[in-house]
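See the structures that follow.
Two complexes come next, and they have one chain in common, chain A, joined by chain B in the first and chain C in the second.
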Partner chain A sequence: MSILEVKDLTKTFKKTPVIKGISFDMAEGEILGILGPNGAGKTTTLQMLLGILTPTSGSVNVFGLSMPKHKSEILESMNFSSTYTDLPWRLTVKENLIWTSYLYNIEDRSRRLDKIKSIFRLEKLWNRATASLSAGQRTRVNLARAYVNFPRLLLLDEPTASLDPEVAIYMREFFMNQRQRFNTSIILTSHNMAEVESLCDRVLILKDGLIVGNDTPKSLAKQIEDTRLNLRITKNLAGLTKLLTSRHLRSETVGGITAITVKESLLPIFLYEITKNNIHYSEISIDKPTLEDYFLKIAKGGSNEAL
Partner chain B sequence: MKLYRIWGIALRYLFLFRHSLDRLSDAFFWPVVDLVMWGLTSRFFVSTIGGDNHIILALLGGIILWIFPWRGQYEISVNLLEDLWNRNLVNLFVSPILFIEWIATLLLLGVLKSLISFSFAGLLAYLLYRANIFVLGWLLLPWGALLILFGWVFGLLIAGIVMRYGTRIQTLAWTAIYMIAPFCAVYYSVETLPVWAQTVTHFVPASYVFEAMRATISGNTVPLTALIWPTILCLIYFALAALMIRRSFLHILKRGLISVE
Partner chain C sequence: MKLKADRIKSYWRVWLRLTLQQFQTQISNARGAALLFIFGKLFRLATAFLLIYLIVGRAKLIAGYELPQAIFILALFNLNSSITQLFMRGIYVFRQKIVDGTFDFYLLNPLSELFYSLFSYTDPMDLLLFIPYLGITIWAGIGTGFAFTLPLIILIIITLILAEIMIISWHIVMMGIGIRYLEVDNTIMLYRDLEKMAAFPINMYGRLGSIFLTYIFPFALMATIPANLVFGLFNPWSLLGFAVLAILELKLALRFWHNSLLTYSSASS
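For the complex of A and B:
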């Protein structure tokens, strides 16, 4: 069942189109990543989904209700956490979560807050002023605030930015766990490609206000044909150089390892030719194309075609 | 409108009040300063030039009643600024709260804090000068209500302007109401003003209240009907100010709430 439907959404700022008619939907329990270079329109899209930015045209339906007409109803079950926002600095973490909790119709408030405190490991920060927290701790409190209503749909803008690796992993596991247990749907933007690859079922790639990619991270990565073959050559380096030149292949050598860029489909033949040319190596590894490679290709101008 | 949401927003500002020395000093320090300075000044005039204690009460009454429009306006505009400084406006509006609930909370907090400051100043005036503002009795209710409404008008106007143009014009939050203060005739009679300024006071609801207060202190009776015109004026201004802040909010929604700073 679709919990989010976006149709022909556009946004123009002072005659400059920023979002140029995007459409997508999202199933309940899905984790959807939105990626794109700076200025692609990610935050603008999130703002329109939340009803804090009026679209120029198009429609957003969440839980079958139209945004912003049913904004208040929708936001009872939806939340948002972003690096763009802060909580009141002078208030303690506890106070910030208390007042926020009153914005939602929560039945057992104190039990809910205790749960949030333990999930987000806030015990030691509970009575500290928000201003005294580190960036990572503040991100954690922001995430806790966004979870105070146990949302059905959660929008996260750079959710694990400035968290230390251990906490970031913990949070990622927490998101997966929430999805498994409560079918929570999540939309996230991130510059951490590994995070998007491991968390998201599907990724939308935005560029210049258009969706230029919409698929699983694996399928998107597969669209990149090049792989990297890493070899530590022990015999006949000259033979390898000759072979690379004849095949017009790029390579670079760093720390004794020669990294060769070769199309994935040609890899078996190339390995056969290496053996045939009596080139010996002591180490071999293959880097398959990742979402990051796909993203870099798009960011560098690989595709401007809307899906 | 949902009461639990209004309580939630109110809690946010009440917690802040508890933590902020500057906000506490706004509520208590300035009334003390005004009362000490003006109380002593009026005492000096009474003792050197002559006159009776009515002059002291009229001046102190002006100071104490001025708290209503001042706090009413201040709470709305400074609380909005707090949310802009803290980049918290987005947090508020990605929750289910309605714009009208947020505004209602700010208005109610203005009343609450006005009453706290007013009671404190009234008590202090009595302790320092034996000037009892509460002898004015129930008349304080309609006067206070009208002055708070007047303060709300300014609060909404300033908040609307700050929302639209950002914190670079935040100084309005502290100064704007003092631009109209001379026409409110807080400490002096309207007749003291130049003729053109007297004409302006006809359109300033607060001036009617301060005139009525002075007349009552001097022993004259001011009928309640004298407040009908200023009340109508104030309600018109309030409706216009509410419309203006609503338009400002819709305007920033077109720009994006994240962009407001």
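For the complex of A and C:
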């Protein structure tokens, strides 16, 4: 069942189109990543999903209700967290969360807040003023705030940026756990490709206000044909150079390791030719293409036909 | 039905909490400033009374009204104005909220962004002033020598409610302008200057001025019209027309607000 349906969404600021008619949907319990270079329209898209910005045209339906017409009902079961959103800095962590619980009309307030305090490990920060917290601690409080209403759909903008690695791993596990236990759907933007690859079921790639990629992280990475073959050559380096020139292959040597960019389908033939040319090596490894390679290709202006 | 009741309860709780917070901040941080604020307000009211006294003392009548009547109009105006200030002081900080991204936060939670923008900055000092203002109004009303029957008091309250609806409408328009042009401060000052004209009987501004202050900017409803109801100079049935006008103004203001939101580009965009 679709929890979110976006159809032909556009947003224009003073005659400049920022989002140019994008459509996508999202299943309940899915974790969807939105990636794109700076200025691609990620934040604008998130803001339209949240009702902060009103679309110029097109529609956003969340839980089967139209945004922004049913904004209040939708936002009761939805929440948002961003590293870059400031919390009321004069209030303590506890006051901030109490305040949020009022906004979401939470009935069993103290029980809910106790739960949130323990999930997000806020015991030591509980009575501290938000202004006195470090960036990482603030991110944690921001995430806690976003969970106060136990949302069905959660939008996370760079959720683990500025968290220390141990807490970042804990948070990632927490998101997965929430999905497993409560079928919580999550939309995530991040510059941490490894995080997106490990968390997201599907990734949308935005560029210049258009969706140019929409698939699982694995399938997107597969669209990159090039792999990197890393060899430590022990004999006949000249033979290898000659072979690379004749095959028009790119390579670079760092620390005695020669990294050769070669199409995945041609890898067996290339390895056979190395052996045939009496080139010896003592180490070999193959780097398969990743989501990051795909992202870099799109960002640099590679294949980007709108989907 | 239950959902609506829950939502109203939620708005009430949030408003109460915001107001208490505001009160605590003022008490703990700026006790001296609060006292100065109250003193300043009462001083302004006293000088206005003095002005009326001096004018009427020389001219005997002000736009056809005697001194006690003019004082009653001024007292009514102050009472009504303090209600507006009490609930809608948030407009003074609205521009800042847009610039620093707080308005995004208003848009992000389930409560109406309009509620937040209008009522999130209730000034408790105005609440404290409301009590003496009410006392002064009752005293001034008695001083006119006219009888205050229950139906008349109800009619005055209805008039004041209609005035508040129209005032809210204009505040919504000003905030819409704020979203479109990031300009609120000068607009609200202009508005306040116009509003102050209603502290005196509006007849003194001539026919055109009266029409302007009755139908376009509804400040006549704040003082002159309810006072005229007491003096028997205003047909109560005309309030029906003002009720229609108030609803129309509110609807137009809300439309303007929603259209303004279409042009809103978030602080983080």
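Note that in this section the second predicted complex is superposed on the first by the 306 of 307 C-alpha atoms of A that agree within 3 Å, B and C clash if a C-alpha of one lies under 4 Å from a C-alpha of the other, contacts with A are read in each partner's own complex, and residues count from 1 in each chain.
Keep in mind that, in the parts below, a residue touches a chain if its C-beta (ideal position, glycine included) is under 8 Å from a C-beta of that chain, and two chains touch if they have at least 3 such contacts.
Being a predicted model, the structure only gives us computed values, none of them experimental.
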| item | value |
| --- | --- |
| Touched partner set for A:T43, first chain B, second chain C, both or neither | both |
| Touching partner for A:T85 - first (chain B), second (chain C), both, neither | both |
| Which superposed partner A:R145 touches (first chain B, second chain C, both, neither) | first |
| Contacts of A:H248 with chain B and chain C, given as first, second, both or neither | neither |
| Chain B versus chain C as contact partner of A:S101, first or second or both or neither | first |
| Superposition-derived comparison: chain B or chain C, residues of chain A touched | B |
| First (chain B), second (chain C), both or neither touched by A:K124 | neither |
| Where chain A meets both chain C and chain B, residue numbers | 13, 43-44, 47, 50-54, 71-73, 75-76, 80, 84-86, 99, 102-105 |
| Chain C contact footprint on chain A (complex, rising order) | 13, 43-44, 47, 50-54, 56, 71-73, 75-76, 80, 84-86, 99, 102-105 |
| Touching residues (chain side chain A, partner chain B) in the complex | 13, 43-44, 47, 50-54, 71-73, 75-76, 78-80, 82, 84-91, 95, 98-105, 129, 145 |
| Touching residues (chain side chain C, partner chain A) in the complex | 6-7, 9-10, 13-14, 17, 101, 104-105, 107-112, 261-262, 264-266, 268-269 |
| Chain A contact footprint on chain B (complex, rising order) | 2, 4-5, 7-9, 11-12, 15-16, 19-20, 82-83, 86-88, 90-98, 250, 253-258 |
